[in-house]
Each structure stands twice: as structure tokens, then as C-alpha cells.
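Chain naming follows the written order as A, B, C and D, and within any one chain the residues start at number 1.
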Amino acid sequence: MGHPTSPHLLRAYGDRDGDGMVQMSFTLQVPPSAIAKEAARQFAEAHGLKEALVTAMEECGPGFTYFVVYGHSVHHVDLSKIEVPEVDIPDLDKKEIEHRIEERIGRKVVVVGACTGSDAHTVGIDAILNMKGYAGDKGLESYKWFDTHNLGAQVENEALLARALAVGADAILVSQVITQRNSHKENARALVELMKREGVRERFLLVFGGPRVDHKLALELGFDAGFGPGTLPKHVAAYLMTRMIDRQRASAFPGKAGTAHE
Amino acid sequence: MGHPTSPHLLRAYGDRDGDGMVQMSFTLQVPPSAIAKEAARQFAEAHGLKEALVTAMEECGPGFTYFVVYGHSVHHVDLSKIEVPEVDIPDLDKKEIEHRIEERIGRKVVVVGACTGSDAHTVGIDAILNMKGYAGDKGLESYKWFDTHNLGAQVENEALLARALAVGADAILVSQVITQRNSHKENARALVELMKREGVRERFLLVFGGPRVDHKLALELGFDAGFGPGTLPKHVAAYLMTRMIDRQRASAFPGKAGTAHE
Amino acid sequence: MDESVVADCRRLAAEIADEVQGFIDRHTTVGVERTVARAYGIDGADDQGAPLVNLLVERVHAQKLLGRGIAFFLGRELLRGAPSLQEAAERLAYGAAPVDPSGPETLAQIQAALAAPTLAALARIDAAVHERDGKRERLAMGPTPHKYVIVATGNIYDDAVQAKSAAHGGADVVAVIRATAQSLLDYVPHGPTTEGYGGTYATQANFKIVREALDAAGAELSRYVMQTNYSSGLCMSEIAWMAAVERLDMLLNDSMYGILFRDINMERTFVDQYFSRRLIARAKIVVNTGEDNYLTTADAVEAAHTVLSSQFINEAFAHRAGVADEQLGLGHAYEINPWIEDSFLLELSQAQLVRQLFPKHPIKWMPPTKHKTGDIFHSHVHDALYNLVGVTTNQSIELLGMFTEAIHNPLLMDRYLSLKSARYIFSAAKHLGEELEFKKDGIIERRAQEVLANAHAMLVEVQREGIWDAIARGAFAEVKRARDGGKGLAGVTARAAEYVNPLLDALEGRA
Amino acid sequence: MDESVVADCRRLAAEIADEVQGFIDRHTTVGVERTVARAYGIDGADDQGAPLVNLLVERVHAQKLLGRGIAFFLGRELLRGAPSLQEAAERLAYGAAPVDPSGPETLAQIQAALAAPTLAALARIDAAVHERDGKRERLAMGPTPHKYVIVATGNIYDDAVQAKSAAHGGADVVAVIRATAQSLLDYVPHGPTTEGYGGTYATQANFKIVREALDAAGAELSRYVMQTNYSSGLCMSEIAWMAAVERLDMLLNDSMYGILFRDINMERTFVDQYFSRRLIARAKIVVNTGEDNYLTTADAVEAAHTVLSSQFINEAFAHRAGVADEQLGLGHAYEINPWIEDSFLLELSQAQLVRQLFPKHPIKWMPPTKHKTGDIFHSHVHDALYNLVGVTTNQSIELLGMFTEAIHNPLLMDRYLSLKSARYIFSAAKHLGEELEFKKDGIIERRAQEVLANAHAMLVEVQREGIWDAIARGAFAEVKRARDGGKGLAGVTARAAEYVNPLLDALEGRA
């Protein structure tokens, strides 16, 4: 992708370089008419679509009209300017992960996980933690070197933290699936605050996951890592293993920060 | 819609007033990755979408990725500022149109129509002109008081004009379906120029039609009227009848312009 | 279809249900008693928003007197001079003195005092039934599959707008999805609500607002548009009551959903379910059960038989509550991984199997959700195949899939397009089901046999161990729940010998 | 299916084709003769872009000598000392003197001079066949229905990018759609082209560029990806030649399309079609016919039988040109108004009927286009049902519908999503066709009977009047064309007694 500072401009691609073709759909609160169509066209143009073409205009409710528009976007993004933190996960299989924990940590890594707040979507956290796993990849329960506590759904932050303290967890895993009005962010942020208030934030690796989660968001919310759609248990296991080794090393050589796979 | 000058702001409507929800899809020339996803998000934000959420990121070709994004658009349009010329068509049925031509014009209105240039899509012009008509509404050929000449497809502007002159047409009807790279506009504009060069533009009612045509576009291109998707033959017949009566009146009382249904 | 296997499934399910019914008949819950109070017209909430029925029932329950039934105390209060039941309730709830555990009033006197209010309560239900019948006679109903869509803005006034639009788009049934975790609230919020996450609170006022919107739309469209909501969670039976009198047409109502997905205590919810279904039966509301949900946690190919066996059990429960087959919309779903070979055939098989085994039932069919992704275009195609199976196998109630399923609660536009697609497919393939025969011993037929056989085997096992233990070992949805775990157990109490519930007596046909 | 009616349809079609074949065998065209010149390796264009073969043939034709065949003159020029056929062509085309109408050379001498070049021409075709066979042996072919998509950017280099992406998305066949109205050009543009409206010019260089792109993608994917283009319009047979040697796998090739939709003269295009099909037969290319197009102008319910009768006629024409059934991809389409009740059943019926009547033929099936609107979401659903019928009735070649059909030539993303949808449906319903039986005398079966009966009646009539008059009265696609009207008639000429065409002789098996 070229030198990091040389711009790499991306425009939308329809079927030719630089055509900028983009599709939009939206609803306006106006019944269909020639004026409504022109309004939709101007609305699309306000977004930077040139030669916007309204291809569908249908009444989708009394006084509401749904539109599809195509147009040539004038916008671009500079890929060379985009920096996205990515979780640093060695690509290891279960056996190798187990082996490294045994060798370098020498004890079970204790993990507590839950789907918090009023969220009842356990499938994601179960996929990571339970024996069965996800897409053929076994969950953390199946690892000899993890001690896994899956608290299930609708767990309040207080209860989660209490349990983590009680079992002496190394890591707390939080799942959030409901995102309406950013409830996932609020729940997650509240946990971080609670932990800080209790002065235990640094005691745990704090991991966030869910369909609308990524590493960037997790960092913003004060977590150590974030995992999104398609995560496999082994990704999480490898991450935890690596960071546990880091921590161990850091406490052994407090002056020197580093990662296990330098 | 309130007083014409009081603003009537429209934002996109998802499921609540003012949420501004808009959907976009596009392709960027970059393989899928966390960076690509962030690029897509920023690209959407450049269009004015807040809290843009990238919901799909799939490789749609080597080095190309397709994205779906939802976000809250910050844009609005002011409906009170939008003016769209609309063709003025009395809502009349075939019988009444025939009756008025007979009464007020007293001779057949002569119409020549074609799909011009290299465009071979005759279904639209046939729908308007041929006996069979469209969606249950009979075409101009079925009217006693129209004399209809449908020249079919791939007709050059020169040939069309020559024929119109030869048969002493009152109106020339042009259909354009192919719009790639604006070929429809170019073809239409070329006809107007040709007619002006020949000094016969004012001799004819000049009507434009096609799936991407509207009255506004037709006026811009120098036509008298434009008809888009869903046009019925009776709309065109009513328009022609009205304008023919106008013309007649204008030539009878040259000082006074007006329309037949004042 | 081996009819003897089917018959044996029904026998086993009956035995499973009978065992639970024994427990139900000996218990009551705070939910049931609050419902009774509501039925007697007790209304209102305190300045904290706590409903009077809650304060009332809690007070009695705190004194461990709820085993007599709230009616016992209400009736007694009438005998003691309360001018109305509302007044009676207020005295009991707010009175300075604790509830009097004893007194001279006989059960017969108490029952007599409640005779008129009980009839009035029943009359309210019957009036709604009558009104519904009248409207349905005047207004046509759409053909099956009935197109069922959800609205869920969080704000009931926005919901009303969406509901009307949905009706205009062709919806036959409109559900207002509840706010996240309302199931876990042990009270029903009061009044219209405008702030909910993931949905809008089920309240009586909200029911009324949507009913009006749908009636208005129905009048414009000359089509009766049905309304539905959730009678589940800790307020299952109260909501059933509210729905009955606000003329809802359907209710999601299933103890299994609460137990498995909401971690509600099983004793609590079995008892609540029974009473709610007694009301539902009287109100001629169609029940929608929740077996479809199993396939969101378990694999739809491997666990298909768990859905079926649960349907047999649910049917047996419903029969015991007086719910007619014509009211029983057993739930199932189109949740097989779409990318496995012949997934469409397996779905067709399952849909046809359920349709055949429950021929009189207004089967409720749920769309693909679990395998949906944010690729909205593809998601719409996935739903199209679902719609095609729906009309081909003549499902009765079809919850329409949304192409934004993996993203957000449906926008106005999403719902419109979903309805448009269903309208198209239901018309384009209207008589397809009558045209097709499945090859003898083909993939479709063999799959149906297999699912039935597995369901039978499962019922044998559940009958042997009892449903309590079956749930505890994770037989359904791969979720394990303990009999003494979950929410709401404290609200369960054994009925005392002097238990008074004239409403239940009437609903059970004893009055 | 009444087999005797089917047999009678074939008999009638044979008689219709025989009558035209008589005409064909007595005529040649500028297109045929340019093709012969190309086959002899004549290459290049002048500085105006006019191909040498055009200048050559025009010159001869202007002198009214084309009835002898271009080979006559080329061969004679060799006898007169031209060092090569290219040189011979240049002398004839650019020479100061007019073409010599007479000379001492005998036909036998001329034939002899052309023997080696003729073999070389055939060898070029055969080499391509050989290469294709080899590749197909090494690389798997996708299962049927073969997923066929179009690319059409106007710029061949962009097309190559799109073609590769399509292959990665699962396409089995990639067509580069031609620029608008290339059909009407009476020459084939030369070299790679980057400016086309509505498509990209079919040129030999463009064929090569796309062939390379698809071979590269095929190698990456270990799957043979087929290439197709249009052998129709005024250069039908020249393009067939180019396609043969550039190893295209399929060709849209149908005189009826040109006559009806391009207003090409019927005499001209029947003759051109015959020669092009002789080449196609040798090149083992699969022909795609264009009956599907009828339903874009005529109503798909009312005119279904016109498609079928035309297919029988087209089959008869193909047989006369040595095209094997296995090469004959008769075209039909899913063009019924989707909103009419049971439209899906009618489509299923038609698709199944065509499949059954032409069991060995690689049937080509076209998607909904006419009833598509700019509602891209709904359009995608419409295509989904089409895909389902395609896999159920096992169509051989399925041109995938695009959700942007009513808007623009497909974007990269449109094609990707279309392929994704087809991949899903073809897998999810893989064995559906084997599972289903249609009810005896149901809607589907009755419709098929009706269409067959109507097709038979139409063939009776066309046989009686002859195809020339049938076309003239608008029997197909509701379009009327006169025998002496349309484009390209001036390019038709009667063969002289001394007509020389060793290539045709060889292709007809006489050499």
C-alpha cells in the first residue's frame, strides 16, 4: 500500500476506476410526487452524490416515501491516513496455546465471562467459552489450561465483578449484543468505571466482544481488547495466553515492558 | 405543506422523527480488513453519516470489497424551496379527448414518434403509440382524431425530422431508453439543435419520453414536455390535445397567450 | 406419517403435562393474584409508578397469606364495608394495620360478595370478543399465511405510526416488541411509554394506543388488522388480562421461553402460564408459542425434534387450560444454516411436518434470524425462500423476516420491503402447495420421518424423568435450568385450603 | 406430454427450415465472404479503421462479382503469383485496377491453390477445440445450472477486471455485452477498444484479452470459466470465426434476434447464420438462441407458445448447419408479470416444459428484466425465485438476474451479490427437482399442455405460409419485418455457378 505517508486515495468503484458510484436508500416523510422525487435527488446530492438518479420512489406508509438513489460520490478517503488498532493475536492452534500456558505460566488461566445488563444474548459468549465452541473451534471450557466460568446472560456488572474477585480471575470477558441507543457502550463503560472505583481495573485483563464490537471501540471504552463477528475461541485463547505471559514478564522484570512474541 | 416560503425541512426517517437514518452501499478497491472497514466508515461519514455502522464487508473480487453502511445523516432538504415543473395534463379519458379535438380543432392531430439514435428499445414508444397501448390504456393509434406514425427504433434525428415535415406533423415524440453516459440527453439535444438549425423548432410540439426522463429534464433539453415511467397513452393524448388548442387559440388571438383550460 | 407414532407422542405429552398440572392446581403466584385484582378493576399506581395491584399482593404475600388468594381479602373487605373493590384494594395496600389474618367471614359469604364483580370481569372479556367478532364480520381478513410484522421504536406513539404503515403495506398482524428485559420486571408499567430499549413496554395504555391505530388503518383498508404482544415473563397472566380486554388478537405466550431464555423459575411460570391461558381461552385469543427460539441456541438440523416434542407438550398444556386447537399457534422456525446443501429441502420438510401434525392449529412460523448477516441484500433473498416455503406449506401465521435482522429493529422502510416481498411471493406461488407432491422416500419425506422418530424418543425420555428434570439437563434449546433456580420463585405459593379465586373457577367452568 | 404432438412439431419445423435452407444454399453475403477471408488469415485495417476484409469484399461486391465467392479471387491471386493470401487480399483491395472479372484459371486450379490454407484454417479451429478439451479435463467445470453473468463497462480492460471478479464470485460463464448497436455495424472493429456505450465492442483483440483474464482466474480457482459473446447482427459469421479461434465457449447466435430486434434483413441474416453455425459446429461452441427476447415485447403468458415454436424452428436450422443438440442452448425466459397470481407456477411450468422437450440441449435461461423496476431490493427477490425455478428444473445455462436491471449495466457489486444469491439457492435447493412431482392435471401440467398445443398450432400456420410471411405478419415478438426490408439486404447475393468456398465445403463435409 505504498509508503505510509504517500496518500492512497480511495473513491467508490462501480465498474470503472474513479466513477465513484454509490447506492443509497432512505425514507422521507412526504408522499410520492415529482416534488418528492426532486427532494430525494437533492437530499442525495447533499451527501455528495453527483448526477443522483432516483430509481425507486414508493409510498411505504401514509405520508412516507421510500427512495433508492444511485449517484457518483465526490468523496474519497485516504487509506494511508487510516490507523486502526488491531488485536495482536499469534495464529496458534489449541495445542500450541495449551503448551505455552503450561510452559510459561504453569497454572490455569482463570476466566469469567458474561453477557451483561439486560442483554440475554448468550450465543456469542457461549460460542467463546462453552465446550461446544464455534464453527468447529472448541470453546475455552475444553482447554485444560483454562478455568472457565460462564455466568450466562443478564448479569449485572456488580455481580460479574464480585464473581471475578471471588474466583481470582485473570480475565473478565464481557459480551454485548443489544446495541440500540448505544446500550452496549454504556454497559461496558459502566463496568470499567465500577472497576476503577473499586481500584481493581488493573488486576484483570478486560475483554469485550459482540457483533458490533471491534478492538478500536473496546480500547475507547477502557477495555484491553475487543472482538467482533467471526471471532473463534482460539483467537481469544491465544490473546489471553499472550497477554498473561506479558504480564508475568512485566512483573518479573518490572522495568521492561514487552510482548511475548517479540 | 405550509406557506410556500416557510421552510419545510425533511430529514431521513428510519423509525423515529429526526433520526436521519440512511443506508449506503458501495465498493472500495481494497481487500477486506480492519483498515478497510474503518475506511468504509470514514467514507460514509464523509457523506454526512454520523455513527456510521459498517454492517457488511465482503470481498467482491480480488482486491475489491463491497460494504453496506447505516448511519444518521446530518443533511436535510427544504421542501418549500423545491420547485419542479410538472406537465399540465387534464385528467380526461379517451372519449373526452377525442371529443375536444373534434370540437375545438376539427382535424386530426398528426403525430410522428420514434426511438432515436442507436437505441432499439421500442417498448416504451410502442406503449404510447400503438393500438395495444399500455396497462389497459389504448395507444394513440386507436384514437380517431390522431394520425399516428410510429417509425420504430434506431431512427436517426435527420430521418425523423424529414418524416415529420413530410407528413406535416403537429408533434414529434422521441423515446430514449439507453442512458449510459448520458447518451439519451445527447441524442435529444442534437435533435433540438437540428430543428433550430433548420428553423423548424417552433413548428412542432416536441415531446420526450423514457424511463429516465421527466418534465424538468425535457425542458432543460429544449423540449416542450417530458414523460417518464408509468406514462399512459391518454396522458400524452390529453397533453397534445390541450397544447394544440392553446396553439390554435394563440394563432387566432396572437396577442393573448393562455391555456385551453383556464 | 405413522399415525400410531403421532398418537403415542400425544399420549406421552399428555402424561408429561398432567404431572405438571397437578403442581399447578395446588399453587398460585403473585402474578396470578395481581391478575385477579386487575380483573376486579383494581387500577392505578403510586407516585413511584408502582402499580396498586403489586403493593396489594406484595403486602398479603409478605404476611404469607397469599395462599388464600387475593380475592379472599378483597371479598372480605367488601363484606367489611368497602364501597368498591378499588377502595378495598387501597385499604389493604395502604392501610396502617397489617392484613388481618383471621375474621368471621365465611368462604361462602366472600364468594357471594365477589359473584357480581366476577361476572363483570368475564363480561369485559366477552365484550371484547364480541367486538372482535363484529369487526371481523364487517372487515375481511387477509388470506393465510397471515403476514406478521413487528414494530419496536421504544416510543409508543412512533410505534403507532409504524403500525399503521405496516397495515398499509399489507400486514395482517402487528406486534409491538417489548423493551429489553420487560420479562424480568415483576410488575406491569403504567400508562403510555416513550422510552424503551429494543422495544416498547407492554402496558395497557400502550395496547390501547396501538389498537386504535390498527382499527383506524383497518377501517381505511377494509381489512381487519390483528394486534399481538407478549404474555410472557413474570407478568404473563396480567398481560393476558390486559390483552383480553384491549382486544388483542394474539399473544406470545409460553412458559418455556421464560424458563430457557429469561431464566424465569419454572414453577412460577408454569402456574402463571396456566392462568394466562385460561384467560386467553375465554378471550378467543390465539396463542403463539416459542419453540422457534430453541433453534437460536441449538442447531436447527440437530435439534429439530426438540421443537416438535415441545410442541406436543405445549399442546397438552394448552388443552388443560381450555385452549382450543384453533387457538394454538405452535411456534417453529426457518433457522437451518442456509449454506448447507439442500437446506431448503430440510426446511420444507420441517414446515410440512408441523403443518400436517397440527392441522387445525394456526401454526406460527418464524423467519431466519440466526444466520442473518449485515449483508442486507442477501438477507432479503434468504427471507424470500422462507416466504416461499411458508406459502407452499400454508403456514398460518408468518412472522416476516427483515433484511436488517442482524442490524437493528426494523425501520419503516425495511418493513415495507419485507411486506412487499411477502405479498409478491404469496401471490406468485399461491397454489404451489396444492400442486406439489413429494417423492416417496425422498430427502424431504425421510427427513420428516426422522424428526418425528427423534421427537418420539425424546418424549419417551421426558415422560420418564418428568419435565422438571428434562429442563434441568438441557433437553430444550441446550439451556439448563434448575427447578429451584431462576427469577420469581419467591412469588410462588401453595394454595391454602380456603383458596378463593372465583374468576378461575368461572374460567375452569365451575361457576 | 403427448409425444406425437412433439414429433409433429419437429416435422413442421423441419419443413419450415428446409424451405429457407433452399434459399441459403443458393446465396452468399458480404459477411460470409469476409469471414472466409478472415479464415484465410487476412488481417489488418486501414488508417480509418476499415478492416481489409471489408475493403476487399466491398470491392468485389461493387463489381457484382461476389457471387463467385471471395475465395475464388483470393485463390486466383495466388495462382497469379501472390506470395501469400494476405498479399493477395491487399492487391485485390488496394490495387489500382478493378478486379479482373475473367481469367484463364480453372475452378479446379483455384480450389487446389486453396487446399492448404483451408486446412490451416480448419486446423486453427481444431487447435482451439483441442486446447479447450485439455483445459476442461484438467480444470473442473461448475455444476449446472451454469451461472452466466455479463460484464459491460465499455472498456475492455475494465471488463477484464470485472470478468475475473465474476469468476471469483462463482461465475461459470462470462459474457462481455456488446456496445449498443454493434449489430448494425457491417464490419468488425479492430484491436482492443475502450469506448463503448452499453457494452464493449466485440473484436478479436477484445476476445483475447478476456480469454486471458478468464484463463488466469480459472487457473487460480481450478475451475474452467467459460467465455461468450454475440455472434449476431451484420457480422454474425465473422464473429463466429473469431470466437472459434479465440476459444470462446458459447455464442449468442440467432438470426431471429437480428431480424426482429435489430431490423436486419432476413435473407441476409439467415444466410449469415448458416455459415456462422457451420463454424460453431466445428468449433464445438455452444449456441445460445434469442427466443427469450420475444417476451420483452410480447406478453410472456400470451406469447409463451411463440417461444416454443421458434425453438423448434431454431433447432431445425441448427441441425441443418451440423450443430449437435448438445451444442444448442435454446433460449427462453422468466418474464411473466410477477404480480399475477400463480406467476411462479406458470414460470415453473414453462421452464419444465422446455427442459423436457429439449433434454439433451444446454438450455439457456434468461432472468426477469421487463418487469424489473428501480426497487433494487425487490428486484433481488424476484431474481431469487427465478434462481429457484432454475435449479429445480435444471436449466443448463442460467443468465443471472441483476437487481439493478432497470437501472444500469451491472456494477461489480451487483454481480457479486447476484452470484452469491445464485450460489446460495443452487446449493440450498440442489436436489429439489428430484424430490418434486407435479399434480396430475394441476395448474402446472395444464399450462404446459396448453403452451405445447398452441405452439403446434402456430407451427402448422408458419409451415403453411412460410417463415418469411410469418415474420412479416408479426408472428414472433409482435414485431413485423418485411422480406425486402431491414438492414444489410444489399450485402446478399446469389451464388454464381462458379461459386468457390472450400471452407464451407469442408465444414459441410464435402472436402
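Criterion: a residue touches a chain if its C-beta (ideal position, glycine included) is under 8 Å from a C-beta of that chain, and two chains touch if they have at least 3 such contacts.
Because the structure is a prediction, the values reported are computed rather than measured.
Participant: Using the touch definition from the top, list the chains contacting both chain B and chain D.
Facilitator: A, C
Participant: Quick check for the class: compute each chain's Cα centroid; which one is farthest from the centroid of chain A?
Facilitator: D
Participant: Going by the touch criterion at the top, tell me which pair is linked by more C-beta contacts: A-C or A-D.
Facilitator: Answer by contact count: A-C.
Participant: How many angstrom between the C-alpha centroids of chain C and chain A?
Facilitator: The answer is 34 Å.
Participant: Measure off the straight-line distance from the CA centroid of chain B to the CA centroid of chain C, and report it in whole Å.
Facilitator: Using C-alpha averages as centres, the distance is 51 Å.
Participant: Could you state the distance in Å from the CA-based centre of chain A to that of chain B?
Facilitator: 46
Participant: Please set out, as single numbers or ranges, the residues of chain B touching at least two other chains.
Facilitator: 13-14, 17, 21, 23, 25-27, 53, 58, 64
Participant: Which residues belonging to chain C are in contact with no fewer than two other chains?
Facilitator: Within chain C, the residues that touch at least two other chains are 162, 373, 375-377, 406, 408-409, 411-413, 417.
Participant: In graph terms, with chains as vertices and touches as edges, which category applies: line, ring, star, complete, or other?
Facilitator: Topology of touching chains reads as complete, every chain touching all others.
Participant: Please give the residue numbers of chain A that touch chain C in the complex, ascending.
Facilitator: 25-27, 58-62, 64, 66, 118-120, 122-123, 126, 152-154, 178-181, 183, 211, 229
Participant: Quick one: which bits of chain A touch chain B in the complex? Just the residue numbers, please.
Facilitator: 10, 12-14, 17, 21-30, 34-35, 37-39, 42-43, 46-49, 53, 64, 73, 75-77, 79, 82-84, 86, 212, 214-216
Participant: What residues on chain C touch chain A, complex-wise?
Facilitator: Residues 154, 161-162, 164-166, 168-169, 180-181, 184, 197-198, 261-263, 296-297, 370, 373, 406, 408-409, 411-413, 415-417 of chain C touch chain A in their complex.
Participant: Under the stated contact criterion, what part of chain D meets chain A in this complex?
Facilitator: 151-153, 155, 158, 162, 373-377, 404, 406-413
Participant: For the complex, which residues does chain C have touching chain D?
Facilitator: Residue list for chain C touching chain D: 338-345, 375-378, 380-385, 388, 403, 417, 420-421, 424-425, 427-432, 434-439, 442-444.
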